[in-house]
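Chains: A, B, C, D, E and F, in written order; residue numbering restarts at 1 for each.
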Amino acid sequence: MLAVAEKIRNMEIRGAARIARAAAEALENFAKNYDGTDFIGDLGLACRALYGTRPTAVSLWNAIHSIVHDLEGMENEEARAVVIKRAKEFTERSEMAVERIGEIGAKRIFDGCTILTHCNSSAALATIIRAHKDGKNIEVIATESRPKRQGYITARQLMSEGVRTTLIVDSAVRYFMKEVDLVFVGADAIASNGVVINKIGTSQIALCAHEARVPFYVCAESYKFSPKTLGGEYIKIEERDVKEVVDPADVGNARIRNPVFDATPPEYIDGIITEYGIISPYAAYEIIIHQFGQKIMFEKEWWL
Amino acid sequence: MLAVAEKIRNMEIRGAARIARAAAEALENFAKNYDGTDFIGDLGLACRALYGTRPTAVSLWNAIHSIVHDLEGMENEEARAVVIKRAKEFTERSEMAVERIGEIGAKRIFDGCTILTHCNSSAALATIIRAHKDGKNIEVIATESRPKRQGYITARQLMSEGVRTTLIVDSAVRYFMKEVDLVFVGADAIASNGVVINKIGTSQIALCAHEARVPFYVCAESYKFSPKTLGGEYIKIEERDVKEVVDPADVGNARIRNPVFDATPPEYIDGIITEYGIISPYAAYEIIIHQFGQKIMFEKEWWL
Amino acid sequence: MLAVAEKIRNMEIRGAARIARAAAEALENFAKNYDGTDFIGDLGLACRALYGTRPTAVSLWNAIHSIVHDLEGMENEEARAVVIKRAKEFTERSEMAVERIGEIGAKRIFDGCTILTHCNSSAALATIIRAHKDGKNIEVIATESRPKRQGYITARQLMSEGVRTTLIVDSAVRYFMKEVDLVFVGADAIASNGVVINKIGTSQIALCAHEARVPFYVCAESYKFSPKTLGGEYIKIEERDVKEVVDPADVGNARIRNPVFDATPPEYIDGIITEYGIISPYAAYEIIIHQFGQKIMFEKEWWL
Amino acid sequence: MLAVAEKIRNMEIRGAARIARAAAEALENFAKNYDGTDFIGDLGLACRALYGTRPTAVSLWNAIHSIVHDLEGMENEEARAVVIKRAKEFTERSEMAVERIGEIGAKRIFDGCTILTHCNSSAALATIIRAHKDGKNIEVIATESRPKRQGYITARQLMSEGVRTTLIVDSAVRYFMKEVDLVFVGADAIASNGVVINKIGTSQIALCAHEARVPFYVCAESYKFSPKTLGGEYIKIEERDVKEVVDPADVGNARIRNPVFDATPPEYIDGIITEYGIISPYAAYEIIIHQFGQKIMFEKEWWL
Amino acid sequence: MLAVAEKIRNMEIRGAARIARAAAEALENFAKNYDGTDFIGDLGLACRALYGTRPTAVSLWNAIHSIVHDLEGMENEEARAVVIKRAKEFTERSEMAVERIGEIGAKRIFDGCTILTHCNSSAALATIIRAHKDGKNIEVIATESRPKRQGYITARQLMSEGVRTTLIVDSAVRYFMKEVDLVFVGADAIASNGVVINKIGTSQIALCAHEARVPFYVCAESYKFSPKTLGGEYIKIEERDVKEVVDPADVGNARIRNPVFDATPPEYIDGIITEYGIISPYAAYEIIIHQFGQKIMFEKEWWL
Amino acid sequence: MLAVAEKIRNMEIRGAARIARAAAEALENFAKNYDGTDFIGDLGLACRALYGTRPTAVSLWNAIHSIVHDLEGMENEEARAVVIKRAKEFTERSEMAVERIGEIGAKRIFDGCTILTHCNSSAALATIIRAHKDGKNIEVIATESRPKRQGYITARQLMSEGVRTTLIVDSAVRYFMKEVDLVFVGADAIASNGVVINKIGTSQIALCAHEARVPFYVCAESYKFSPKTLGGEYIKIEERDVKEVVDPADVGNARIRNPVFDATPPEYIDGIITEYGIISPYAAYEIIIHQFGQKIMFEKEWWL
């Protein structure tokens, strides 16, 4: 438990999907190995510890909530069993979700097309690789994705799968947009009014795609949708260590700012590919209500 | 001469303004030091050599043309004197131009405003520094400008002048646009219909500024305007060594593409600040005709 | 009953929320005080009388419908009890709705931000005042809102709560938009395709906000959503007494037109803040179906 | 059965609505007249045959699915009865749908307005004729709709109903848009993210209407919504016999291309008028889920 | 002289055209009546006094400059004669300009059209009245133009000329835009990149017209074009007495802001009607160079 | 003379360029063959006759004006010589212009690109054929261009030159826009604010190109620019014989409207290719002033 929490905190485990699954697994293990006397009480402590590692991560909250909701008043043993069961289900659904998204998204990728992707989204890559394996002749343009350059990982993954890939700097997106047929990116979180939070740079790629009438798709498992935004909360955008960008000493001690995500408005998004199908970003409200019900908005979590 | 040509070719001398001035100086020195017997003939060879180092650089062509036009049939000595005189004038006008642009542009920068700039444009920085020296309290956001990261030079220059500067990655432009009051960039070349060629990434910054109703200004000496575009030629956009981006081996041998410039359409530009004043990009035609006359369009240069 | 009807008709009671609550209260009182023998019949007459005072007011229809639907065939005494109960519930939900909207909307208002508001919406002001009470340092720009100048009331309310407020004429909205971080307005009615009907001027404010990428929120209780629009009806926009604008004699007997509301298209609206959470305007259909069911579209009210 | 299939294949029966109803009738007749011993098996064959005539027609798939879903394992006689019952219901609902759409849409058509329509949509014409019969003074501009010139049929139908109609070539849409108050068109199919597939030319009419702020409505029965798009499938756009356009010999043997439909993005559509009311195109997801449930997305039809 | 200066200062004389002509007349009278010994010196004092009354008025600077430029070193008597001659010419050209603008603009007004105008521009009204006198059947929608309500003057002028006029509040512009065929407004000043400065509210009218594809024309004599903007200066937008809006005491002592003008970007302007013909706003540079020459940009006026 | 006039009137001679050249030739022949005694008087009659055949054709007026301006008061013989000389020059310049436009425009056409063209413009085809002859591998998409189907002529011309050509109906432009790299069209006339008048349908093609960020070029000889628009005149758009579209009897006697041209706003035009080079449409004013001087605007032609 603590090990996982620490890895999330220090970003050894990163990315919305990986964090969610790590949390589910940690809770499953916590329940399996529990040998204390106050399971509910200790579970609450564990949840808070986990959650505290990245309180801005929507997928983390969603994973914990999915597994521990409505446990108040339950017997310890029953609660343990429930946690183990739900944690397994969460993990399975999460894996199934990526597979389904791959299957659905791949149908949008047509033979001979060029796809631009940003950063390193497992859901977006799943669709691309699936289309490639279906025998479609495709090309990918991958952005570098400064500061962490996850685009290099993307390029290596795609090349190793045999997908022809071109790497460009982030500034070159608009230059190459005329050669692009489709954009596929992932998501860290999605708000109730359809705004998508994803890796810094996503929103200007969406703007460039919109300007050139290139369809822009977001690949996102349903647990990326944020129920708390329904109740008015913003999804907080972290700023990380500025040395990820450059050592201030190298730029005359100029201030450096390093926000990790940005917000893409729904008007630039042609579809969100979820395990429930391709929806308009404006249907985010339904996806949230479907998963959590309306009451989620004002409810207080028992473990917080 | 050859030394300068070599430095332009190997990019020791880079940037439209620096190239133009180096060429003017090289021609001035060539004429001053000439001790052969066929000045015109040898000058033609020298011009071709210079021009061949960066045939896509509009400022280089303009500098050479300004200095050696209409020399055919002139006596050698007279021609030498003309070249020396014109080269000096070109250099002086070029320096005066930056100063005037600084003076004009600084008036657009108001107290308390935040300016975003891209890459490292001497004309754009001249306006910013001038405004700072005029006592205006300003802030600058400088983009990293991958792949060569000229934004670091910009940050260091501004910090050393005492201008508060924040450095961001290129992907973060849209994220920060809501804090920006003005965008100032330079130009490598300007086409007859108002399209501006500048450092890769400029056009998506312009798009983001336009989307958010932030005024976008281009600082450009008049010799950046391309007469050949009037006759239909495109300004060619070079692609440079891909290792400037990353070693292909590090990205699974993905293809890498590294275009240096991109094209910003005039509809996203609020004004071009030249030594002739602030004009709409749609007035590019007048600036070209004013400098070169209409005949430039189809004329063949004697030295080519 | 008649007194309330008269006050709605002569606009002593005005504003979608106040009208709805006054109608609920009037029906509650009507039922409580009823001493006749044909409650259902007389209730029908009362409903028609109430409704006739402002047949274009969506909130009035919704209030009456919520309270008296499906009473046909019920016993008089049972019906009376039902009416009393539902009227109370409507009033309570209506008050709760404003409170929830305030709570939700306040989370969107961040420290240091400037909010523009138009006319005098209790739901919009609830969010602003709530944010202020939460200790956020905010500023409000209030439009005059000709012809009735409800902006003066808004300014006085906000100033008395201690919120720093600036009043501007309606023509100055675009001029000040660059200083605005958020727009919050109310709604008189919302159509099934997401169009918002609100005080004249709202739609051009939304257009100015959209142009400048400033988020535009509508605060609206769910009973503002019009089920009849689902069936094709337009929301009728009244024109009121021209003397509210100016005496024709003072303008050379020019014709004067005085429409009260205008229609804002959903593409300019970033979110509608309801007691059910923040939704995209495109989710209006769900809100209507959720409240009234699909059959509302073609049903004939028994009391009409 | 075979006769109907043949007529669909050779386009004697054409148009999404007519195809759907012909299929329903064919299945009804098949079931009524069936005298074999393996009804389910033979029904499957019949469905495949019908479906094979126009596998790209969403309405055909929807009609068959609506009538034969979940028959696996049923007794032959029971299945026959179910098919007959559902086929009748489908036909009735389909007729009722057009009537309801007419009723709803007519309310959007105001006295004195000019409506532009394209091609020959029975649902769109139903609204126009209904408004005319309601006594509204209206005018229609009908496009020619090359290559098949269905606009001539539209013009004749409207003129015979007494509706003043003007015919224009397809190229003149933007020219006349300034005289247009409303656009009403039909749909062949609607995707889960709100994209509307309709007669070639529809999308540029929508673009012209959007440019001029003219409301653009699509009239579509709910069985036009494509559940398979939820699962990622594109709606395939057929290209038909090029001689519908011109004999290649008459144009120097130039290649001719003749796509039948195009795709209108939801951002240009103000409302879709269905028998369930006027919805935003972004509510397409709900209409699909409401009709088919979420499982439709991945299910395999038993008869395919 | 002083009387005129005082009237400009206290706004008895207001409006760019009236100020310019009053200044020309004042300088003419000053020269005619001069009986001192240092004409040039005293003229300089007079110019400064005049100019100081409204240093932000472009037309005032232009009028003075047109009349007194290049007088340095001239004999007193010669200078007096020059001033008288130029002042007369300025006045004549100014009157001719309005007439020509009326003549040109009237050709754009077609029979049966509805024109929206804002505030009270003599040049805009000249075109409208001219079209009316040419026998065209037209209608005008005049905005109130808060805070000074110059729309009432406009309405009275037009009604007294027999032009059918409708008065609306400023907030109703977008509501009525669908009935408008053309917008005609005046200008206080025009910048070198085509930005038009005019009465507060003009820019949001332009935005509404642009959104609805309604042509937007600015009527402006050539002396409205600001040569100083070529050199980078902004046109300063005054804020006037807040009591023009409302007494602060009536709005809970809220702050009130009262800017007089706003800036309309050239992209929303279809043409500027000057005495030199109808030009694109992007041709502002030529109009300035044509009138003043390029040197105006950096020159220091002798009298300042 | 009369024969040519008749051919223009009955449209045997059609197209702006052909009409202009036919007029020049007719005037040349008139002058050459003149054997009367009042050359100037008879020339005036001839000009009026010619002009009366198509008074809406800008190129016709420009051709006549270019040849007969300023002849008042000249001797008959001198005037005859002048007319012959100017007519020859006009014809030569007109031919040279198409050649230059071809040469300039061809440089914009890059290897491997697909060009969409509309109707049958000799200047646009000159650029395409020139590029093809320069060895560039290009493809053309030609629209049918209803009602006269000039696209068939275009397709035949291009195919006979060996240019791969695809013909589509006018409605399919937006559908194919994603495969288009460049649009090239001609012009009938160009207004002083940059509006281009060309074959009906041009403006919606421009809109589609703009939506998809595809460069849109107009090929136009300088005599297409209308000096009279500077003075406020609209370019009149003719409506021709409705039977060009369809026999009214075939469409239930619906009204048919058949406008020949439409107006493309300059904001959708990336460049106008003239014999003076590629200019922004906003430079139309300069082209007009350069050719005709400012006085043209109000002058009365002696021969009218």
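Rule of thumb we're sticking to: contacts are C-beta pairs under 8 Å (C-beta built on N, C-alpha and C of every residue); 3 or more make two chains touch, one makes a residue touch a chain.
Small disclaimer: the values here were computed from a predicted structure and weren't measured.
Q: Could you label the chain B-chain C interface same or different, taking same to mean over half of its residue numbers are used by both chains?
A: Since more than half of the residue numbers are used by both chains, the interface counts as same.
Q: Which one, A-B, A-F or B-E, has the same contacts as E-F for more than half of its contact pairs?
A: B-E
Q: Contact counts by the stated rule: is the higher one at D-E or B-E?
A: Top pair by contacting C-beta pairs is B-E.
Q: Using the average of all C-alpha atoms in each chain as its centre, how far is it in Å between chain B and chain F?
A: Roughly 38 Å separates the two chain centres.
Q: Could you work out how far the Cα centre of chain D sits from that of chain F, in whole Å?
A: Here the centre of chain F sits 42 Å away from the centre of chain D.
Q: Can you pull out the residues of chain C that are in contact with at least two other chains?
A: Those would be 211, 267, 280, 282-283, 286.
Q: What are the touching chain pairs in this one?
A: All touching pairs, sorted by chain label, are A-B, A-C, A-D, A-F, B-C, B-E, B-F, C-D, C-E, D-E, D-F, E-F.
Q: Taking the complex as given, what residues does chain B use to touch chain E?
A: Going through chain B, the ones touching chain E are 100, 103-108, 110, 267, 270-271, 273, 276-280, 282-283, 286.
Q: In the complex, go through chain B and note every residue touching chain C.
A: So the residues of chain B touching chain C come out as 177-178, 211-213.
Q: Touching chain F in the complex: which residues of chain B?
A: Result: residues 191-194, 229-234, 265-267, 280-286, 294, 297-298 of chain B touch chain F.
Q: So in the complex, the part of chain A that touches chain B is made up of which residues?
A: Chain A reaches chain B through residues 142-147, 149, 151-152, 155-160, 164-176, 199-201, 203-204, 207-208, 211, 237, 245-246, 250-259, 262.
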